[in-house]
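Report on one structure; see the data block that follows.
All chains are identified by letter, namely A, B, C and D, in their written order; residue positions are counted from 1 within each chain.
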Amino acid sequence: MCTALSFNQFFGRNLDYEFSYGERVAVTPRNYDFHFRHLDKHESHYALIGMAHVFEEYPLYYDAMNEKGLGMAGLNFVGNAKFYEAKEGKNNVAAFEFISWILSQCASVKEARVVLENTNVCATPFNEHFPVAELHYMISDENESIVVECMEDGMHVYDNPTHVLTNNPPLPMQLFRLNDYMYLSNKQPENNFGLDLTAYSRGFGAMGLPGDLSSGSRFVRVAYTRANATSDKNDLSQYFHIIGSVEQQKGLCEVEPGKYEYTIYTSCCDLRNGIYYYTTYNNRQISGVNMFNEDLDGETLISYPTIEEEMVHMQN
Amino acid sequence: MCTALSFNQFFGRNLDYEFSYGERVAVTPRNYDFHFRHLDKHESHYALIGMAHVFEEYPLYYDAMNEKGLGMAGLNFVGNAKFYEAKEGKNNVAAFEFISWILSQCASVKEARVVLENTNVCATPFNEHFPVAELHYMISDENESIVVECMEDGMHVYDNPTHVLTNNPPLPMQLFRLNDYMYLSNKQPENNFGLDLTAYSRGFGAMGLPGDLSSGSRFVRVAYTRANATSDKNDLSQYFHIIGSVEQQKGLCEVEPGKYEYTIYTSCCDLRNGIYYYTTYNNRQISGVNMFNEDLDGETLISYPTIEEEMVHMQN
Amino acid sequence: MCTALSFNQFFGRNLDYEFSYGERVAVTPRNYDFHFRHLDKHESHYALIGMAHVFEEYPLYYDAMNEKGLGMAGLNFVGNAKFYEAKEGKNNVAAFEFISWILSQCASVKEARVVLENTNVCATPFNEHFPVAELHYMISDENESIVVECMEDGMHVYDNPTHVLTNNPPLPMQLFRLNDYMYLSNKQPENNFGLDLTAYSRGFGAMGLPGDLSSGSRFVRVAYTRANATSDKNDLSQYFHIIGSVEQQKGLCEVEPGKYEYTIYTSCCDLRNGIYYYTTYNNRQISGVNMFNEDLDGETLISYPTIEEEMVHMQN
Amino acid sequence: MCTALSFNQFFGRNLDYEFSYGERVAVTPRNYDFHFRHLDKHESHYALIGMAHVFEEYPLYYDAMNEKGLGMAGLNFVGNAKFYEAKEGKNNVAAFEFISWILSQCASVKEARVVLENTNVCATPFNEHFPVAELHYMISDENESIVVECMEDGMHVYDNPTHVLTNNPPLPMQLFRLNDYMYLSNKQPENNFGLDLTAYSRGFGAMGLPGDLSSGSRFVRVAYTRANATSDKNDLSQYFHIIGSVEQQKGLCEVEPGKYEYTIYTSCCDLRNGIYYYTTYNNRQISGVNMFNEDLDGETLISYPTIEEEMVHMQN
């Protein structure tokens, strides 16, 4: 499945799956025409950068940010996601366009909230070969995060004080579950048991934190990790450590005999500087693409392949 | 605290602590004189490479391998480690010399077992400023791992089928504890509960795996992760993913107000090729030092500083 | 807090609290006038038996059944329960009358569903000294159980396939939480870990079952216990064993210094035979009151004190 | 498996198994001849009362106390128990005689320690049909408890500050395991998580307490329950509540298809008054046999059947 994280100026996600559809770091300049299915032409819009499956020069974004510092990611929400029929009087946006729709016009979460009010996310497929993915979304700027869940009973927009998202169940249940873990601490526990006991190692304060890869357990773990992580000039590194706490190692989640879900890539949008950082499963080094190094006034999609081989720095 | 891991040809550890003593990747060539405190001069010996605090050209190794492909690491074992007085008729080795003593003469775990039989690890400090560290040790070649624990009741040498080590309690108790987790699986569980239930996400098979940073929980988690990890041509990457499962993120283990234990570095000895790989907390990229690129017949210690700043690869 | 359980012909609850308001086993005969606050007089109704605080000959039932074999219990639902203003066109029933209202006229869960459709549970207090308790309700006959939760967003009537109820959170979240425990089994687990491990005792199949007294953990534990419990001619005994799995021992839940919540009584309605069984914290022996041994055509409440001292049977 | 508990003046156990060998409450008077296999006749001894399988007038005690207030119980210790060959110069006692041997001559745990120093527990079977049971033992008076474990490496006598015992692993590992649970509390937890969270029910302080029936989990649960239980004039009731926390409900531990281990009986020796209390799975009421109501100077075993049917007290 997947995990999204916002941590100060950094926003991104783990993409966990058993195979890659082939993705590239794609920069959409301001005058690229998205050809929204149900909407008129956007003359010009904010430039975007993010990870996308690029099909015939069209970017199907998994996660991205825009030049104003707003980020958005779509994560699996299988069995709960439900998109709608087009409705008159609404801005009808196909689910596959949703990230581009928001990021092309909103400079902040605050603006996104307003646009969402009149947005209807439609179950329009990209084409006959690409079924509509069942997703929910996290939208973050440097200051706040919200989650959008389109379900049977309508579209929900939730504040997300944890700044993390995984998959099922819906966010309100994930948030509620955290209550069970309120006692977790980065300090050694007191001995309340009523017998003479001792903490025989450091790190005793989080006994009970789940370590498995289910979406519920990953939510608790990454929320706890983020809530306790220090922040300093090395926040880019720290971001990767936080989201690394819920990385899926290859072999630990078998989806069919011999096929394993694992963290295909981890992305990290520097919302302040327009740089899209990422690592891949077989390359720990952080790679980066800076949107501002491209001609953002163009009309044509620019994209870079991901680096999939371990880039080792030999010191001798 | 710390975690050691052996995974096929790769051996190394996380060093977890709240500050660094200053460590370098140190190559000890064959004719370097270790000046063993209680022993005669070793005329010549196997060359070593590893992470060490280097004091006046002397390498105090935390973990290392030799040119034959044997690796050894010392990990905190506070409250349980007990070193001894020098004994006549034994090879008396100061605890700070123990890694060098074994690696300078043993080409395999099998040879190490023989040498250990007549070894007495002594509580001789390096100097008045460096007290004797309370450690236990994992020794691994490509095929097997053993653990050496010097305790009040004598030196124990244990087979270690898990190929991992953390800290307290002693290995037999850590191994026994794994029994409680035998049900963990990388497959989705069956529904045995007696009600109509569903696995609402992937990765449900390891419900109950602990996620905290205590030494007992890290042992279970890394042992489980290693036992299920796939192996292929990307084993170097995979090694870092496995040991990353028990990384200590800064902020999650407070040892005094505002001071946090974290994974200062992660090392990975390529036992087959003599390359010492490592990452540091603020540099995800794997750096490497190849012992065979040095003059291994020299007498002088060679060492390289660790890289502590994030080395990002910009693609544009 | 509390736990309710339906198991074949037996229905009842643990009442967990830090002190008793004084309760008696109260039989309401068919011609007793309930004086419903917002409703006309019920000329005659089903007879009831249950545990009640009796105030000036009025039974404030905590849990009860009627002569037709329908049972109902109210359990704490603090922070979530919300009762309503009286509404025209509805049967307005004060919360304190709700159990009597349902049991006086419904012979089955099926009939209760119909009555509930036109019922509006009101926040009318019994008197100025008895504030409205925040409760939710389980209603069971021998075949099915439902739960009624009156909340901010309206009254919910849920099927309850677990046949158990505790307290917060609302039932849908409690039911969802069970998914995390689908792997629990009354059989020994397979060893999936990838190492040579052994189940060193019996009862290994439910590793991970929570043992604490929070309402979420009690829900999982009693649902699991009920789902696996055998059933035979000793079902009365078995009922007490099942609900005993979530008993609150005195001392384990401190609500203020020196005050402890504990299981004040455990009740068990024999829905088939009209016998109200119960035990108290200090008397393990099951006591019983048979409604059919009373004159059920009367107009006056009949009640029996609970037995609070250990009734030991000496064999010599 | 089984659980033993000492709580102030009360001592006893749960006997958990899938079938009963047939047991009776047996009083051994002072002049009964035990015919110790390897020892001379004990002319006279303390009188005993306890639960035993009685074979041809010989009591094979599972648990018992003597007239001086010392209690002793044998619990399964399969795979770890090892009894010995008879040794010259030792008091050689067959394992099946061990409880009678200690209780017939020791008035306190202190005296038992002395007798144990020269005792050698032998693997002598009772007869060809009764193989030697693999057991370990708890011995308690009102003030202290010890555990005796005869293993491959010799007989161990451990202080037992928990006053509880279950089965595998050996006591030192069980005690060590408690360290992981030192944070458990009967008070509500503080919120340390770093987010705004709430304890939505009472009883939140013991999140993480295991609820399953394995011997390791039962040890933690009953030790925690005992350590927090209040004590007052109702300690007899409280004893049954504490040990009830690890009762095995029928159906939850399948040992072969359709066969379940469950708590066949729970015993409670009143060490101060010589009364042996017990309950059985199908009779919650406490039954009792008072040794001092028998002629304790006799030579003949006296025994009472256990009551196996629910003794309900009808109030009308």
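Assume a contact is a pair of C-beta atoms (placed from the backbone, for glycine too) under 8 Å apart; a residue touches a chain by one contact, two chains touch by 3 or more.
Please read these numbers as outputs of a predicted model, since none were measured by experiment.
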* Pick out whichever of the two, A-C or B-C, is joined by more C-beta pairs in contact. => B-C
* To do: Could you find the chain whose CA centre sits the greatest distance from that of chain A?
  => D
* Structure fact -> So, in whole Å, the Cα centroid of chain A is separated from that of chain B by 34
* Asked: CA centre of chain B versus CA centre of chain C: separation in Å?
  -> 56
* Asked: Just curious, how far off is chain C from chain A if you go by their C-alpha centres, in Å?
  -> 44
* Specify, in ascending order, the residues of chain C that touch 2 or more different other chains. => 169, 176, 180, 184, 186-187, 199-200, 204-205, 207-208, 214, 216, 228
* Please categorise the chain-chain contact pattern as a line, ring, star, complete graph or other. => complete
* For chain A, which residues are in contact with chain D within the complex? -> 161-162, 176, 178-187, 189-200, 204-205, 207-208, 223-224, 227-228
* To do: Please give the residue numbers of chain C that touch chain A in the complex, ascending.
  => 169, 173, 176, 180, 214, 216
* Asked: Along chain A, where are the residues that touch chain B in the complex?
  -> 1, 25, 79, 166-169, 184, 186-187, 199-218, 221, 225, 228-230, 234, 236-238, 240-242, 244-245, 247-255, 260-261, 277, 279, 281-290, 293-294, 304, 307, 310-316
